[in-house]
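Look for subunit A in each of the two complexes below; its partner is subunit B in the first and subunit C in the second.
Here is the complex of A and B:
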């Protein structure tokens, strides 16, 4: 199954909030993918093999996978567009 | 009446892993979740308690003997084991009145928005636990439940006020518009403000030649849970004068504890996510069309590498001070990456790494002493709720307990302790000073932005 990762400062609260939300939205659209919350301090361990990275921060580096704006899922603004990017990435 | 009380006792007597899920299912049905979903969320919450209990037990069994050995060898009593924030959130959710804090936070926020007393909509419902934790600490000190709710409510109000006044600085730091943080760790900003003014007297302190990104790329590995856990474990083993094999074993066990804590804590969030989602959607709908800042948990600031460099530089200093400071009882462990100071320092200094590190060092004694003070309270709480088992005769606490000054002072004020009352008044005074200072900074930012536009 395609894997999407969400990272935050502890891999517990913000990232899991976004992960649960994206997972629910994907399920509703009938898209199969696993959305996982991870610790940003160990991001390099998780990013390989992931199909997309949902960032809560403004990323400075470039990553080998599509980077999606996670703030949109928290504020609700621009959420549909970001969700479309996730779906595109796990197709 | 007697029957209702008996029923209440019976339900609480089942222990947090059973009664908190029951409350969760009830609340879920109240906000119209499907039974299947509510049950699944409730059960997840229950198993999160059980999981956390396992990891805490594992940690205590691994670390406590070494801490005891350390006492025997050196006479330095570091007997309160630092479980970090995740067991604390477990204890907070185990409080029977915990769920009342949701409507309190939401109501205060909506009223303040309606009265234009804030411009922030706090959608971070996870950190409701921070208010619950404040309330249980207050009760631990004074036993006064109504005042505990008042101190927690005041926390909700101040969180929104700080979120308002910090927003511009945060936007400058993150480049993310329209959001701010409502996390209460920023309460320590009011203490950092005067200290930061003192640092103005050090020549060259505003020199910004240090590259935090470069440092993070090299030091970042030390902030990773397993690596940090391994190193602290080894260090504790050495101080306990363990043999070589046992030192390495303690290192791996410590790495396991620090890695497992967030894995288990994630389950709490998974359980609460549907509820928090429903409520935050409701709040956003309620005020659709009005421009305001969205209040979030702190991690959207985590891209500022000054935070990570500060926490790493601080590790040996925290350990050193824990040993040196008289009457400190806390053995720093799972909470040693002190984000509760690094993130506030980032905001106060606007990202000046040298100032951040100096401010963090200056305030480390506050964190250690408050953690020491609350250790018996936290340990009792674990016992009373049955949420976590701390072995008899041992203590648990949190070395980087968030908003230490506010919690310590206001908890004492509710006990009508003179020092607590005076301290709380001073804290409020510092808050107004900070608010005024940040407002001035915001006006300066505004003037700068105007100049840039016309230039």
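Here is the complex of A and C:
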């Protein structure tokens, strides 16, 4: 199954929340993918197996997969657009 | 698992409080949380440091809020502290180095088990994205009234646990 990873500062709350929201949205659209919150310190370990990276903190470098703005899923602003990018990435 | 209802505590709602800055806010709130037994001594330093590295200001149009939180090891009992400062506090926006928000409402999350308490933040988000509730919250200037409104909102199913 295609994987999408979400990382925030410490994995305490925000990444978990965004992961669960995106998972729900994908399920509603009938898109099969696994969305998982990971610790930002282990990002490198996970990113190669992922189809997209949903970032809550500002990306400091470039990554081999599409980077999606995770804040959109918290504030609702621009959420549909970011969700479309996730769907495109896991196709 | 406890519901959102149980995390919102009447003694952790603070209204019309003056803070000189974000740092002053963290100091004052951490002292109260410590006195009441919700957090350990390291909480103040930890939450300030985390806010500096990973800011939590959110522009939840039309309202600006912040959701500070930190490492569970500094939290004794899970809670949500709701603070409405007299003057909006400047917080850096989440995921940004240069954008700031002027937070009119602060929801400080005391999380002990991140995987089990996902609903906690989800409920807070539902709350501040609900314009009607935020309009009402901003009109209130008493802790007990804010508490009552939050409880009513939760009980009416507007915010589920």
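Criterion: the second predicted complex is superposed on the first by the 90 of 91 C-alpha atoms of A that agree within 3 Å, B and C clash if a C-alpha of one lies under 4 Å from a C-alpha of the other, contacts with A are read in each partner's own complex, and residues count from 1 in each chain.
Just so it is clear, a contact is a pair of C-beta atoms (placed from the backbone, for glycine too) under 8 Å apart; a residue touches a chain by one contact, two chains touch by 3 or more.
In this text, all values refer to a predicted model and were calculated from it rather than measured experimentally.
K.L.:
What's your read, subunit B or subunit C touching more residues of subunit A?
P.N.:
B
K.L.:
For A:39, decide between first (touching subunit B), second (touching subunit C), both and neither.
P.N.:
The first partner, subunit B, only.
K.L.:
Scan A:8 for contacts with subunit B and subunit C and give back first, second, both or neither.
P.N.:
both
K.L.:
Residues of subunit A that sit at the subunit B interface in one complex and at the subunit C interface in the other, please.
P.N.:
8-14, 16-17, 20-21, 56-58, 71, 74-77
K.L.:
What residues of subunit B sit close enough to touch subunit A in their complex?
P.N.:
Contacts found on subunit B: 86, 123, 126-127, 174-176, 178-179, 213, 220, 223-226, 262, 265-266, 268-270, 273-274, 276-277, 281, 284, 294, 296-303, 308, 339.
K.L.:
Considering only the defined contacts, which subunit A positions touch subunit B in the complex?
P.N.:
So the residues of subunit A touching subunit B come out as 8-17, 20-21, 24, 37, 39-42, 56-60, 71, 74-77.
K.L.:
Quick check on the complex: what are the subunit C residues that touch subunit A?
P.N.:
Its residues touching subunit A are 50, 53-54, 56, 58-61, 67, 69-72, 93-97, 109, 111, 114-115, 117-118, 120-122, 125, 129.
K.L.:
Which residues of subunit A touch subunit C in the complex?
P.N.:
Touching subunit C from subunit A are residues 8-14, 16-17, 20-21, 55-58, 69-71, 74-77.
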